[in-house]
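Please see the structure below; I have some questions.
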Amino acid sequence: MSELSSLDNDQPLLVAEGLAKNYGRLAACRDVSFALYPGEVLAIVGESGSGKSTLLQLLSAQLAPSAGHVAYRMRDGVLRDLAELGEAERRFLFRTDWGFVHQDPAQGLRMGVSAGANVGERLMAVGWNHYGRIRDTASTWLERVEIDVGRIDDAPKTYSGGMRQRLQIARNLVTEPRLVFMDEPTGGLDVSVQARLLDLMRNLVSELGLAAIVVTHDLAVARLLSHRVMVMKGGRVIETGLTDQVLDDPREPYTQLLVSSILPP
Amino acid sequence: MTAMIELANAEKTFTMHLQGGVELPVVRGVSFHADPGECVVLSGPSGAGKSSILKMIFGNYRCDSGRIGIRHHGKVVDLATAEPRQVLSIRRSTIGYVSQFLRAVPRVATIDVVAEPLIVNGVAREEARERAGGLLRRLNIPERLWTLPPSTFSGGEQQRVNIARGFISDLPILLLDEPTASLDAANRAVVVELIAEKKTKGVAMVAIVHDDEIRHLIADRIVDVTSFAAAA
Amino acid sequence: MNAPTYNFAYLDEQTKRMIRRAILKAIAIPGYQVPFASREMPMPYGWGTGGVQVTAAILGPDDVLKVIDQGSDDTTNAISIRKFFGKTAGVATTTSTTDATVIQTRHRIPEASLHAGQVLVYQVPIPEPLRFLEPRETETRRMHALAEYGLMHVKLYEDIARFGHIATAYAYPVKVNARYVMDPSPTPKFDNPKMDNCAALQLFGAGREKRIYAIPPYTTVVSLDFEDHPFTRYRFNAPCALCGADDSYLDEIVTDDKGGRMFVCSDTDFCEQRQAAGHHGTESAAPHKEKAHV
């Protein structure tokens, strides 16, 4: 179980209230409410089509909800409705206080640009203007995600899948965000590569006191990374609680089915 | 109340939806307490619900009714109704749990697995590792193994790593689920020593031990779980 | 001399008004790329169709036109555009930077400093400085709108990482009036400082990409750089072989097949003025006067 350095902080970082998203008659997401606290890792689990990716997009303001709202506590301590932020503010938030780790690293990286510039881009976007310092910071981050610093000038298109994913994480964390969204961060990777990535993410999350919302269909990922879990089915949250509680003592029929479908290790 | 743990009429039932909604009562009317410096041993035959009670006190199993009072930061929190955040806070600074099996992250070195609970509570990495090393030595884990991940160890070694991880912290409550199950006599004696040390530090403990000899050595009080058994 | 079938300066008056409106907007928002309804011109794309349309829209009967291509008044492109306006507008043409009221240019800014009342019209192939890193037009527009220019520094970072210094030698990005990042067209970065606080109006026309942008007179134009890798001008370290100038932008001319070469001013007018004033270089024994235009 990871560290919860800001656990006793009782101001929520992100609050979702009655979130819903309809596509015509299809309700992709219905009446989701929860609060996420600083340093807390929340896993959203469920099968494909359960609405977990839609929810992630709603929470990260990439999609406008049909009903409900999401509020986020900005660095100045004020809780603000994301829908009321201007686009400039929202994009600024996205490059500084938030991270977004895509399942496919090609979506989150500039594949033709060097690893150093990939990591440095967010710094340059917030006005860093000293090449040496940008490069030093990028090197430090490559080390932290266990990428050989000798590869700093290589473009991620020359990297393996696991390295790309670790580079994507470094690129997101370089501005020390307080909240990171992850969409199936270990999907599509070999099992051995997954284990290494999970271990790395777990350490970074605990060292940096990050809050994270992780969408995954893999309950092992949820168990390893998250404090809390929300089980989704048909666009609804059907069960929520402490991760080990939900996984060891599932209540809902669907959760019991999910848990019982895991092959024993 | 000065007790560290106080259970009153705690009840647990599993509903097996995949078996047509069969209700599986586990325990009911669980009531006992544990004071600081006291080791309460749960007794009863297998299947009587001893482990389930321990898991309920840890918040791992949900409590359907009744109350599980835990003294946390000087105040009593009812774990049966606590928010997930409160449960996590309680686990971080109040309750430690030594399970039968080690559930460790792949790739992490043994010494770090053991030191982690201290680091999480803000102890400097070096100091935490030093104390971890001390415990591993007492539990006869050879130093050459410390940098390896425990997943490659034998069952007995893994359990000792687990015990070290459980005993390293300064938490006021410890839950022990068969801590000596697969240990040899020498290591069992070490565990008994460790438990005695915890008592002098005022730690409240609830334990499950099948070994009669060990039970006599550590128990201040024995709670017979049979009376709580809810099996119809 | 006017071909009777064409309107003054080739374009019809409605089109000129449309272009002038775009130009006015561009002047009002320095560095911002204004879309315009670029017309087919009687020349191929890449030959200055954007610049020609801007020139046609602002040209009056009293203007004196100079056209340069890579600094030179006597290349095919320069001559044909000069003749085009000579024929369709009947305006006076010149090679003198100082005498001209409108100067259309491809890839250079004249060495002689420009004065108030002059207009410099640039021919622009690709107006979007962010294009090579961000292919989506919707995204680059948004980035301009929100002044998100981190990406521009990514390009410079890549230069330093790869070559040890900012190797971008032309089309070097600038920030105009502390707001919009702008591509100065493929002028050598040597010319960048001339854009800053310039007395003349600078207009940029991209015909194929259908964009017009502008730098009004006396506007601040800053070349992007890093604190530890500041912007530098670049020129060959040699005096001009014809006029001896050591502060002008030079072209390298290969003189034989044995590796012989010489460096001469790329701005022919500047070079000739200096030679006429008595300056000499190593190769200037025979004055260079065989030009044949208008």
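Labels for the chains are A, B and C, by order of writing; each one numbers its residues from 1.
Simple rule for what comes next: contacts are C-beta pairs under 8 Å (C-beta built on N, C-alpha and C of every residue); 3 or more make two chains touch, one makes a residue touch a chain.
It should be emphasised that the depicted structure is a prediction, and the values quoted were computed from it without experimental measurement.
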With chains as vertices joined when they touch, what's the shape: line, ring, star, complete or other?
line
Using only protein Cα atoms, the chain sitting most centrally is A
How many angstrom between the C-alpha centroids of chain C and chain A?
47
With chain centres defined as C-alpha means, what is the inter-centre distance between chain B and chain C in Å?
77
Averaging C-alpha coordinates per chain, one finds the centres of chain A and chain B separated by a number of Å equal to 32
Per-residue overlap in chain C, given as positions that touch at least 2 other chains
none
Which positions of chain B touch chain A when the two form their complex?
14-18, 55, 59-62, 84-85, 87-89, 91-92, 105-108, 119-120
Contact set on chain C toward chain A in their complex:
133, 142, 146, 148-151, 153-154, 157-158, 160-162, 226-229
Residues on chain A engaged by chain B in the complex (per definition of touch):
1-4, 7-8, 37, 40, 195-196, 198-199, 202, 206, 224, 227-228, 241-242, 244-245, 248-249, 251-253, 256-257, 260
Residues of chain A defined as touching chain C within the complex:
87-88, 91, 95, 110, 113-114, 116-117, 120-126, 129-132, 134-135, 152-153
